[in-house]
Amino acid sequence: MKDTSEGYVTADGRKIGGVVMEMKNITLRFGGVTAIKDISFDIREGEIRAIIGPNGAGKSSMLNVISGFYVPQEGEVWFRGEKRPPMKPYQVARQGIARTFQNIALFEGMSVLDNVMTGRLTHMTQGILAQALWKGPAEREEVENREKAEKIIDFLEIQHIRKTPVSRLPYGLKKRVELARALVSEPTILLLDEPMAGMNVEEKEDMCRFVLDVNDEFGTTIALIEHDMGVVMDLSDRVVVMDYGRKIGDGTPDEVRANQEVIDAYLGVAHD
Amino acid sequence: DLVFPDLSYRTGPYAAGGIPFSDGYRDYFTLVNERDGGIGGVKARVIECETGYNTEKGVECYEATKGEGALVYQPLSTGITYQLIPKVSADEIPLHTMGYGRTSAKNGEVFKWVFNYPANYWDAASVAIKYLLDENGGDLSGKDITLLYHNSAYGKEPIRTLENLAEKHGYNFSTIAVDHPGQEQKSQWLQIRRERPDYVIMWGWGVMNQVAIQEAANVRFPMENFIGNWWAGAEHDVTPAGDAADGYKALNMNRIADYPVFDDIQEHVVDAGLAAGDGSNVGKVLYTRGMYAAMLAVEAAKTAQEIHGTADITPAMMRDGMEALEMTEARMEELGMPGIGPEFSVSCSNHGGSGGGIVQQWDAAAGEWKPLTDYIQPDQEVIQPLIEEDSMAFAQENDISLRCNES
Amino acid sequence: MPEQFFWGVEVVLNGLMAGVLYALVALGFVLIFKASGIFNYSQGVLALFAALTLVGIMDGQVPFAHLINAALGTEIHHFGWHLPALLAILLTALVMVALAWAVQRFIFRHLVGQEPIILFMATIGLAYFLEGLGDIMWGADIKNLDVGLPQGINATIDEVTYEWFGYGFFIDNLDISATLIAAALVTLLILFAQYTKQGRAMRAVADDHQAALSVGVSLNFIWIMVWSLAGVVALVAGIMWGTKMGVQFSLSLIALKALPVLMLGGFTSIPGAIVGGLIIGVGEKLFEFLIGPMVGGATENWFAYVLALVFLVFRPQGLFGEKIIERV
Amino acid sequence: MLDAGRTDQALLEVNNIEVIYNHVILVLKGVSLSVPEGGIVALLGGNGAGKTTTLKAISNLLASERGEVTKGSIVYRGERVQDLDPSALVKRGVIQVMEGRHCFEHLTVEENLLTGAYTRSAGRADIQRDLEMVYDYFPRLKDVRRSQAGYTSGGEQQMTAIGRALMSRPEMILLDEPSMGLAPQLVEQIFEIVKSVNENEGVTFLLAEQNTNVALRFARYGYILESGRVVMDGPADELRENPDVKEFYLGVSEEGRKSFRDVRSYRRRKRWLA
Amino acid sequence: MLYREAGDFKTSYIADSQTFPIRFDRWRYYAVLAVAFGIVPFVINDYWANAVLLPFLIYAIAAIGLNILTGYCGQVSLGTGGFMAVGAYACYKLMTAFPDVSIIIHLVLAGGITAAVGVLFGLPSLRIKGFYLAVATLAAQFFLVWLFNRVPWFYNYSASGQITAPERTVLGVAVTGPEAPAWAAYLLCLVFVTVLALVARNLTRGKQGRQWMAIRDMDIAAEIIGVNPLAAKLSAFAVSSFFIGIAGALFFAVYLGAVEVGEAYGIQKSFLVLFMIIIGGLGSIFGSFAGAAFLVLLPVFLKNVLVGGLGWPSDLAAHLEFMIVGGLIIFFLVAEPHGLAQLWRLAKEKLRLWPFPY
């Protein structure tokens, strides 16, 4: 594992930059339950960082800490070299951190297009009066953002369901729409919480392609929780392993795979 | 035919009061049709329209019936009255609000189309105080009188009058409000129990009356010192409290008694199967009042027929009839309802009648109201300036020029 | 000033009792909300309907007499019997069970799995319907209800406290019976909900209709059960309030007094209904007593809501309501 | 039931059913399948293929989603069960574990399990014993049995849901995506449990799965559903060897398993969709 | 074969996000407007204006307002009556204090004042959700009504506590007061409805609407993807109250002419408007109109049929009316829980597929 704060180039030629986000000694408790115990790790610019661990280890909680939804009792979050002051989730989002959710959190009452457009909200600035008038700036803004949204919709191949209410979509497509919503905000960091759960291999392949393309084309940094070890090991540059709120491993996929503690707590016997 | 709309409410929170009133109102017209062949030979037609005591429905009813040639409106709701005052003035249809509505409409100089004879709220307040004066040998100074009122425009009506009267007679006046609908009056009655006023006057309507009387009994407030206005003095107001309500007093603008006219109604209307209700309300307080209202309308129509020499009168003629209405003992006797109301005559400037009212008392054992007094005349010295003030303000706001002076 | 103090105590005591009466209405809401997530707007009308039916049965009124007479030109009104109160209450309870069945069969069976607001709307439709039905069945005039509950000041308490403190406290007999009945009712309902299979199923249904169906809980049965229970609770509330104010339309408006109680205690908590009722009762009476005179009185209607609102800002699910689980 | 091995008697028979949502959306276009008593049958297929819908059609949970079976028949133990309500079906021994867990959030884990026994009229002791059985299968649940289910982790909820179904002493469990969101170890564990429940208690399983790999290792027979139709079926071992299945559902092609990093090129289309 | 979507392709995003993407719908919309503006004013009479059209138009505004809050932003409110009262009293105070300023400005200002009050009472919505919020908004309802009843300044110290709208003109024609002709009052309301409906449409189809709907559908997720819940909820309260305030002001000034707060703006109003949007369809502007029409027209219609047509006693008819309205509400919900608007949408979907069943 490279330890410099400067960037390096991976085997397949992608550039990884310095640390953009760093979690320092995070501890998170719910009443008596300690979901996260004194965990530190960092995320580098442009890398794909996986977080794995058994169910209930605290992975989703960690993402929630990053996006500001949970406020840890102890510890600090550093973003772009600065300590992040207490923030509301929407402020975090406006810093360019987008995410998807473990239990799909789409807006069920809206169409796919509208859902994707909500991802552009942070980029839209027209005031309420302009919108009431519609003609003029508001419409212009709408069209500009619509173009961006359509690009992502094309990219993720969901054009045909653009106008469908999301409540009618099958699970896999919903996940894709969620990804679209996150991507369209042009994030610097993208947090994915089990993006491939509930998919078959074919769909997972699709999804992997999207994730890699995003990382490649837009240089987006990605933090990803996933239970499919094949996916994790193939995709990620570095992996954090959590168990019962503690960090039990951190390193390249190969390092992690070889870690006995990780095997005991999570992987079980490798069955590849 | 002559059209008399009946804006009734047989549903909703005030149905208990609306039903007997409407029954009486309609039955009397039926009686006149059946027994006398109509008014001056023309049949009366009553169009009943349910308002549910709801202002919007009231407006709908008004608009729906006015095209039918309605002669006079009797909405039995202060809220609807306020809606209709501007409308009837524009449409030139008379409005009769008997003992409710806008008090200052008594001033016919300002309110050409609105009548509120034989009495109004301020009269009622004054009558109550007059009665108490009589009870106390003409001196109320130092006495504590509390007004328990429905917290609405209606309930607030008597406050000014009672305040002015307090100045004049030297009693201590206080008020206690009850918010609509008034099913819970614990704190109000605890307060009364604590402060032990000598008298409680009540301006209530609907469920507030029943609960107040029950609570008064619960705190053992002496019933004979508890006086309701005439919308708080019907049978259904006291019966839920049972024997405990015995002795409760209330005002009335019309006397209830076993009038001969009831026999006619029984014969020509109820037994003929033409009654508006099931006939069980005949003779009750609000039934009698409804019938009284109808009688006043019929008499006004007759007067109008005389004035204009035609049986087929228009709303404008009806108005003239109302303005020339004269109720005498003899006339009431003739109609089979001697002494049902005070004697009064209407004039251009006075649309409010004499303002007299009686005090009646509930006899729980007999299950009936017993009149205690004859018609007591209110203190016009106090009321008239108030009416003048309020109606003039209205005239000013609405650019109305006064009528009666020039003629 | 001891007098002021005694008055205050009296106000508090009476507030507690008034609170119990509110809670009786709130209980019905809680039951249905707990078991189905339905915010039952018609609970007040249910109480009215129950009370009307009770009076009708006691007095031997012919149901739909007005309609029958209007249609057939007959003149029937009464069967001419008078039933003892207890029997009439039992019969009315049966009517409420039948009503529960009908409500389930014709309305909620078809709305399984719908959003709460839709279910809420359906109860509004039901409220309209029952209001009309009650009027057509039994007439819209005021009826007296007397099942033999004592009413008025409790003389013993008055005398005893007068001896002790030199101030006789006012406690209403009806309130005392209401308190006893409410206490018994709440205890039974709590035991039922927490410790029986049906009670557990009821709570399961509230959480997730689909999942409850999938484990074989019959929504139909559970809902008929809770609507029956709510109907019986409504009957009790109807008796209490009807005794106080006569049985009439305004009885249905007592629901408005129950809402702040519900909100404060939590929509899903049976003990919450009682505690909420007590707090609201005392709060509004004290406010009216202490502050009311300064602002012109008649504050009770809004004060109850504002009080509940203030509580909610600190505990959004009410005092005892189930915590809203927010996770992503 | 000592010998709960494979018998060839069909316990459940689904004949050519059509399902429509909201009166307009046709989802199943004639699906037939049969499940033998004591078997484990897997229902495979992509997202939106109609697996969940099929299971819900069987357990009669469609009505609450405004869906209905418009054609075909569903026969359980020789009896048409389409018109029964779900609880009647549970009483007959068919219970569904729904996709996405659907635990009763506000009930504790133990209370969740107890509701599973709702349709049974067994005594306290019996139920207590079954509870112990479930805790034996899922020791983790014992630790969290007093927590509100809403706060437990995804895996715990999945266990609760399966345990809850077991509490009804079913003859047949319809299992919808049991592996979704579970750690690999746990997936393995849950399937092991399915297998042992199948063997020890004689419970028949019909499971809808995305994780074809695991499903075909534990199931004995499989159906593959695409766009509301059964496109392929056969014994699990045969399906596993089928090149199409290998490529599209198992992610292994002729050259062996390839890395997810290398799947960037377009692949060939499924033959049956052409 | 009138109803066709096929062949009606959009070539720009502007065309795609217009209000009526389907040509046929668009034409029908223009036709309705033409009739409403061009024909109705000439044939209208007092009855139609006062019994049906004015209440319909005014309730439609209120319903759109509440729909923005409840249907789009998911915040159930039972304070509508109170907010309408704010509009009415604001309008009254403005009308009497500045008699020379145009009533149109007063009406809009009344909306603005109501918006401010709405925001104030919307603050708790940040913590309180669902039915708890609904009940909490009742605090606004009861408090506001009490306040207007209690403080004489609001009703200019009139003896009765009522407020009466003085006559005001627009372009020389009286629109308030007893002399206002039916068509003038109608046109004034119609203009407001049209403009406000367009505004509502514009707000809901763009960024603002999406923010609201995101909060409605899943507030936590919305916040995490960057919606400021404070701004979204309060803006919904503000816009909604603005609409409702104007509706309340029109209700007082143009329709009733005189009101007493407890009766005209009581809790029943709050429920009524809520019923309208639920029956009409949450989150649909068209639904607001449909719901308002349903609840204004149905009772009038039933009354005319039962009493006028069949000659039933008016009390029986009134009771029956309750049963029928209640029954119909239930019937519609069972048939289509998402309101008349959804019923309409489904009908269109079927039409599109016609003659094939699916």
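Residue numbering begins at 1 within each chain, and the chains themselves are lettered A, B, C, D and E in the order written.
Keep in mind that, in the parts below, a contact is a pair of C-beta atoms (placed from the backbone, for glycine too) under 8 Å apart; a residue touches a chain by one contact, two chains touch by 3 or more.
A quick map from chain label to UniProt name: A, D = ABC transporter ATP-binding protein; C, E = Branched-chain amino acid ABC transporter permease.
Just so you know, these numbers come straight off a predicted model, no measurement behind them.
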| item | value |
| --- | --- |
| Intersection of contact partners for chain B and chain C | E |
| Shared chain contacts [chain A and chain B, defined touch] | C, E |
| Winner on C-beta contact pairs when B-E is weighed against D-E | B-E |
| Longest centre-to-centre distance from chain E, chain (CA-based) | D |
| From chain C, the most remote chain by mean C-alpha position | A |
| Rounded Å distance, chain A centre to chain C centre (Cα mean) | 50 |
| Distance from the mean Cα position of chain D to that of chain B, given in whole angstrom | 75 |
| Inter-centroid spacing, chain D versus chain A (mean Cα positions, whole Å) | 30 |
| Euclidean distance of C-alpha centroids - chain A vs chain E, Å | 42 |
| Residue list for chain E, restricted to those that touch at least two other chains | 146, 220-221, 224, 313, 315, 319, 322 |
| Numbers and ranges of chain A residues touching at least 2 other chains | 69, 101-103, 105 |
| Overlap residues in chain D, where contacts from two or more other chains coincide | 25, 151 |
| Which chain pairs touch, all of them | A-C, A-D, A-E, B-C, B-E, C-D, C-E, D-E |
| Residues of chain A that touch chain D when the two form their complex | 12, 30, 33, 53-57, 102-103, 168-173, 194, 197-205, 208-209, 212-213, 227-231, 234-235, 266-268, 271-272 |
| Chain C-touching residues of chain B, taken from the complex the two chains share | 10-13, 15-16, 19, 151, 175-181, 183-184, 186-188, 190-191, 193-194, 206-207, 210-211, 214, 217-220, 236, 239-240, 242, 244, 273, 278 |
| Interfacial residue positions of chain D with respect to chain A in the complex | 21, 25, 44-49, 99-100, 151-156, 177, 180-188, 210-213, 248-251, 257, 259-261, 263-264, 267 |
| Chain B - residues contacting chain E, complex | 8, 10-11, 19, 48-50, 52, 54-57, 59-60, 62-64, 66-67, 78-79, 82-83, 85-87, 89-91, 102-104, 151-153, 156-157, 160, 179-180, 276, 386, 390, 393-394, 397-399 |
| Residue numbers on chain A that touch chain C, as the complex places them | 60, 64, 69, 101-103, 105 |
